[in-house]
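So that we are looking at the same thing, I have put the structure below in structure tokens.
Labels run A, B, C, D and E following the written order; every chain starts at residue 1.
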Amino acid sequence: ACSGTGSDSGTADTAKKDYTYAVITHGAPGDAFWDRVKSGAEQAGKDYGVKVEYSSDADPAKQSQLIDGAVADKVDGIVVSMANPDGLEASVKKAVAAGVPVITINSGVDKFKDFGAITHIGQTETIAGQAVGEKLKADGSKNAICVIQEAGNVGLEERCKAVAETMGGKVENLQVDGTDDNAVSATITSKLQSETGIDTVVTLGGQYAIDAVSAVKDSGSKAKVATFDLSEDVIKDIQAGTILFAVDQQPYVQGFMGVTGLYLKSINGNDIGGGQPINSGPAFITKENADAVLKFAANGTR
Amino acid sequence: MTTATVTDERIARTSTVTKLLKRPEIGALVAAIVIFVFFAATTSVFATAPGASTWLRGASTIGIMAVAVALLMIGGEFDLSAGAMTGFTGLIVGVLTTEYGLNIWAAILVSLALALLVGFINGVLVMKTGLPSFIVTLGTFFVLQGIDLAGTKALIGQVAIQGMSNVPYYDSAKKVFGSAADIGGGLVYASVFWWLAVTAIATWVLLRTRTGNWIFSVGGQQTAARQIGVPVFKTKVGLFMTTAGAGWLVGMLLLFTTSTVQSNTGVGQEFIYIICAVVGGCLMTGGYGSAIGAALGALIYGMVNQGIVYSGWDNNWLKAFLGVMLLGAVLLNEWVRKRAETAR
Amino acid sequence: MTTATVTDERIARTSTVTKLLKRPEIGALVAAIVIFVFFAATTSVFATAPGASTWLRGASTIGIMAVAVALLMIGGEFDLSAGAMTGFTGLIVGVLTTEYGLNIWAAILVSLALALLVGFINGVLVMKTGLPSFIVTLGTFFVLQGIDLAGTKALIGQVAIQGMSNVPYYDSAKKVFGSAADIGGGLVYASVFWWLAVTAIATWVLLRTRTGNWIFSVGGQQTAARQIGVPVFKTKVGLFMTTAGAGWLVGMLLLFTTSTVQSNTGVGQEFIYIICAVVGGCLMTGGYGSAIGAALGALIYGMVNQGIVYSGWDNNWLKAFLGVMLLGAVLLNEWVRKRAETAR
Amino acid sequence: MSDKKTEQATNVAAPAAAGTAVIEVKDIGKRYGNIIALSDVSTSVRAGEVTCVLGDNGAGKSTFIKILAGAHEHSDGDLLIDGQATTLSSPRAALELGIATVYQDLAVVPLMPVWRNFFLGSEITKGFGPFKKLDVDEMKRITKDELAAMGIDLRDVEQPIGTLSGGERQCVAIARAVYFGARVLILDEPTAALGVKQSGVVLKYIAKARDRGLGVVFITHNPHHAYPVGDRFMLLRRGKSMGDFPKAEMTLEELTSMMAGGAELESLAHELEKTMGADSEIAQTMKADVT
Amino acid sequence: MSDKKTEQATNVAAPAAAGTAVIEVKDIGKRYGNIIALSDVSTSVRAGEVTCVLGDNGAGKSTFIKILAGAHEHSDGDLLIDGQATTLSSPRAALELGIATVYQDLAVVPLMPVWRNFFLGSEITKGFGPFKKLDVDEMKRITKDELAAMGIDLRDVEQPIGTLSGGERQCVAIARAVYFGARVLILDEPTAALGVKQSGVVLKYIAKARDRGLGVVFITHNPHHAYPVGDRFMLLRRGKSMGDFPKAEMTLEELTSMMAGGAELESLAHELEKTMGADSEIAQTMKADVT
């Protein structure tokens, strides 16, 4: 499904034109995962000498306004994450109709073709979640809690659901207040205290893994901790053995590749992936390979 | 006016033009114009039809709620459940139609009825218990938030409504709540017209009806209003129901513009409504404010939000810019209002 | 009391025991006890030492802020930047030590100075411009939030402080802010002691010092207070600085208890502080409330939050339970207070 | 008053024949928490009569009239209106029975314009159904006129009432009650902040209302105001009624000494004489008041 | 007053010699936005003298004293204290110069207990440094005593002042000002809501303060209150001064007719006579007042 008819003009004056790409995601500002997506996109922009404008809003109505705004701003391409495809359908289709190339990242793999996007980069929350579930199953987990730091967030809910699908056993969601680490830690402690059978804590952000580790310690529980996403401290904990593993969705890749795809479209008319989605991950970080990643995590790029 | 006392030696001077400046909205209006001019001058898209279409759309839904919340605040109360209400009503329609196949218009009415019921409960609880509305509606807010999340998950196994556009008669409802008219190359969404209508009606009610008089009085001095014979209970409960009704309207606008609604839709927005009302000149303590001012407050908020994106400033600083601009707008607002008062 | 008028025929009856019931905290106290008993009876862990340790920890940091915010609310103002302040101060210490290698105690002092400066700016802006504090501190809130995110990101390339525990003298600071004492099998964190101390000092200031008198008066009737000679400006600016100082304290407690702080720490918490203060009996309109009440409000909030987890109820309903329980607590609070008033 | 008057009051029963009791209270009492502000008070308000309620500061006068006005529910005793035992659940209920009140704290909404305060709760509207709207010009005109009739020449009826002087505000409250009072007019220290001229007008209004057959309850601390217009005098002391005297049994001097607590005032005058010299003017004036 | 008194007021200059002008105002004026509330008023407040400010409702009396009290800054003219041109930036500055004021709207904080209101801004403390704490018992005792001296027998000084009766509240404000006033005492209609007895006490206080060498500014609408204690009478009309008369040039009758606007009142009395019959008591009383 190629919709690249509008790109001819783009290729025509490659030499002089300063391209501008909009990256519009559903991530909350300051969220470590989306911060890395942003870093990747901006790095790509720097590398290629193009302008990258990042914006985000978790509310699909507002996100669709951002897309409309970018189209009105006549950008040369849009990278968009589609956590709630229905909410963005009209805007994405409008962008495509206006001749703006669109690449979807992170989520929306089922719909990108219908909406006329060039390709999809990343993997759904579901794929990452299922991978975690499988790995935990292999590790013998039977009773897990999945810590959700933002109530009602579509992506987080999907991760937990996917973990439950493949892990077997019991997986229960636990809502915490993500802006208060003290409360996160206390809530996980409470849960571990009241249900001593819990053998695994899955957190959905590197930050919360740290809180979970201290909660496990405080409650005297034997539960192991696994987490989505990385940070320097997470890797150190993996090295120390207090965190079992982290699944790295390689968000940096999603941002970087998204912009790369648009850039190739602009200068060369390429449709990378040939209509098929491209997976950005997942990669597992365990005690074995932690050392190699530490440097990058410290840079804030993994 | 038959009562003009132009020749009173105790009044410095007066003029019909400067009399206009007395209106509480004047400050917000000037601030809105300044912000418009600023972004129109510094970005290329802001003042184009497609650009304006975007920020008007963003401001419209917030604006409708801000106007309703302003009425409530003038009446001396808060409604923290207003944000969650927009999600709640949308979810009800979504669940009833996509999951249970109810007629879409019936679902819309059911949703309205439930919204008004929640508003009624809010009002009666506040008036009967004497608790501050801040705390009562906080309770309702949490309950609605819980229902939005758990109820939706339990009923449809997801946290967002999907497939809404395949529901029979979806288009007829979309025409009312979610369509857009192409005006001069920019799409103007239905929500913008609703916003204008709501603002006009609210202004008329406030300034030209008995109810408006009562709203000002119950917010300004509840005991005095009661002593003088104003039906305080009816007025306040009515205000809570109005806010809930506005929440329903915005819920419908959101649902039919984007064809989806999530379980966390509107959560956290309640404070933005209050902010817009205050930017537009409402007092936190009640008894003073204007509907047009609140609408202008929402316009300022919408323009700043979208204008920052157009300016291409680093997204990480978004909030800082927003803060500085809001503060600037309010300061300008206050300054203009004070000048207007001494110069009238 | 030398002024007891026990024999006045115009007073129905009086007794020393029932006199205690007059205190504004009594309602919150009863509500807290009821909630404690409820969870103690229905769950096995809640009333054990490790269980109590957990909910006390959760309540403590919120409690410190709630007490400071209560003082400010009694003084008639709000501080929406209070939540972001906890992140701001923590981030400053984190960045200065991990990135620039500053001595940890020096960094802590720098952070305190900056916090007080922000509080001072808040206060001066509110008093000099005459704008509502709700809107001024909202501006500061947005600005702080922007600095927290963009500043941190620009300086250390991350959105959360990493590697804090390797900083020299970390342990000495952790002893003060982040250690925990084992009491009867449960860990009691330093934050709990700080919480008790802050509550005690705030209560003493409110009830037994001139400053306390002034706080009540500027919140109750600012014009009257000014006319009668209360230094309104000093009092209010002092209150904003106190709140900022409390934000700094909580920032330190968070940083040294969890050894990390993220750029969005505290965002959205500002309303929880207000909620706790109101649950504890503070009026939104100022001039009435108590520090102990706010501390009890935080305790109620903390107990309900953890108690629901202990109860193992469906977590999706968390917010709904929270809403119902808070509402119940406040209703009980109000009922007790009214009874106490007529029965004293 | 204006012609509109009758239009406004059509839903309210006409004044009763002179002398019939419109309101009767029997052993009425009121507590605020454990504070007993009023106990065992009985009296009646008759059409075409002015009942003056007298008493020291804190005696319970305002509490008493708040019960009649529906602002507070009584805790004990019976309140009879037109012979029927009632509990006035709200001031609105009282207003609908034609009972209008001037409260001591005036019951105005400071931020609202003068004319909106004047008509609050009884607004004049024009138009039909959903298009019924306030008749602003008419209301402004009436407000201006009614206040001018009391000797208050307002610059602008759009001014927030909170910016009026104390006396101007009081005049608005009085003019409003007089304008809307149909059967009973209750005035709690209406002349407290008024100048000599305005006080005279208020007394005139009271007499006029009485002559029109309204029952009037009038509270004042000034015997020179109470005596000329009063028909009956009820004395409260420390929340208890000390009796209910018709004017026939009373001279101005008796009234004055009663209001001042008789013996107590005499001893005060005596004391003043001692401290300030017998011919000090204060002592003289006070003595003149007492004797 | 109590012995503590002097302790409290040590930082304040002692009263000046009788007759010296403590406060002088020259062509002072005040605008609220476009409203000119006061213009071109000149007078002086002298130690050991009582200056009465008279005038109709809305004449600008309260505005005038608010300038003296530091509550409003004047817009035009000069304010001289002890001969020095000053702008009082806040009431606290005025208080520190020994100027204490009873405002017409009383300046109390309704939710605070009576004793806290009494001592607000001038609390008595004991202890040192950070352990300085309020001397609660002492303050309660003084409050109770001072009010009892005015004839107000409070049930409980812990009661929020907002629940007191109008007169009780006024007495608290007066007792407070009298207790803290060191050089100048400003009273804006202090006797408005007071009973005969309490009014007498206030007049006695004024005379006492004068005799102690304080300058007193006294606003009232009651000529019977103004005449006995006043030394000079300043008349305001529609924001302008109509002159400043020493008592020697004035009789009670002249004062009364001046306060009532002279001719206007006479015509009112006349009108009353017409409408209500010549022997109507109101007309009689009013005529007696005028002539």
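In this text, contacts are C-beta pairs under 8 Å (C-beta built on N, C-alpha and C of every residue); 3 or more make two chains touch, one makes a residue touch a chain.
Only a predicted model underlies this, so the values are computations on that prediction, with no experimental measurement involved.
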{"item": "Most distant chain from chain D by Cα centroid", "value": "A"}
{"item": "Chain located farthest away, centre of chain B as origin (C-alpha)", "value": "E"}
{"item": "Rounded Å distance between chain C and chain D, as computed from the means of their C-alpha atoms", "value": "48"}
{"item": "Centre-to-centre distance between chain E and chain A (centres being mean Cα positions), rounded to whole Å", "value": "72"}
{"item": "Whole-Å separation of chain centres (CA-atom averages), chain A against chain B", "value": "33"}
{"item": "Interface hub residues of chain B, defined as touching at least two other chains", "value": "10-11, 145, 149, 153, 316, 318-319"}
{"item": "Sites on chain E at which at least two other chains make contact", "value": "35, 105, 155"}
{"item": "Residue numbers of chain A (touch at least two other chains)", "value": "29, 151"}
{"item": "For the chain E and chain C complex, residues of the former touching the latter", "value": "69, 71, 90-92, 94-95, 101, 103, 105-112, 116, 119-123, 125, 132-134, 136-137, 140-141, 143-144, 154-157, 176"}
{"item": "Residues of chain E touching chain D in the complex", "value": "32, 35, 55-59, 61-62, 104-105, 151-153, 155, 159, 163-168, 170-171, 189, 192-201, 203-204, 207-208, 221-224, 227-229, 256, 259-261, 264-265, 268-269, 272, 275-276, 280-282, 284-286, 289"}
{"item": "Chain A contact footprint on chain B (complex, rising order)", "value": "44-45, 48, 50-51, 53-55, 57-58, 61, 145, 148-149, 153, 159-165, 254, 257-260, 262-265, 267, 306, 309-310, 312, 315-316, 318-319"}
{"item": "In the complex, chain C residues that touch chain B", "value": "78, 129-132, 134-136, 138-143, 145-147, 149-150, 153-154, 268, 271, 274-275, 278-279, 283-285, 314, 316-324, 326-327, 330-331, 334"}
{"item": "Partner chain C, residues of chain A touching it in the complex", "value": "28-32, 35, 151, 172-175, 178-183, 185-187, 189-191, 193-195, 206-207, 210-211, 214, 218-220, 231-233, 236, 298-300"}
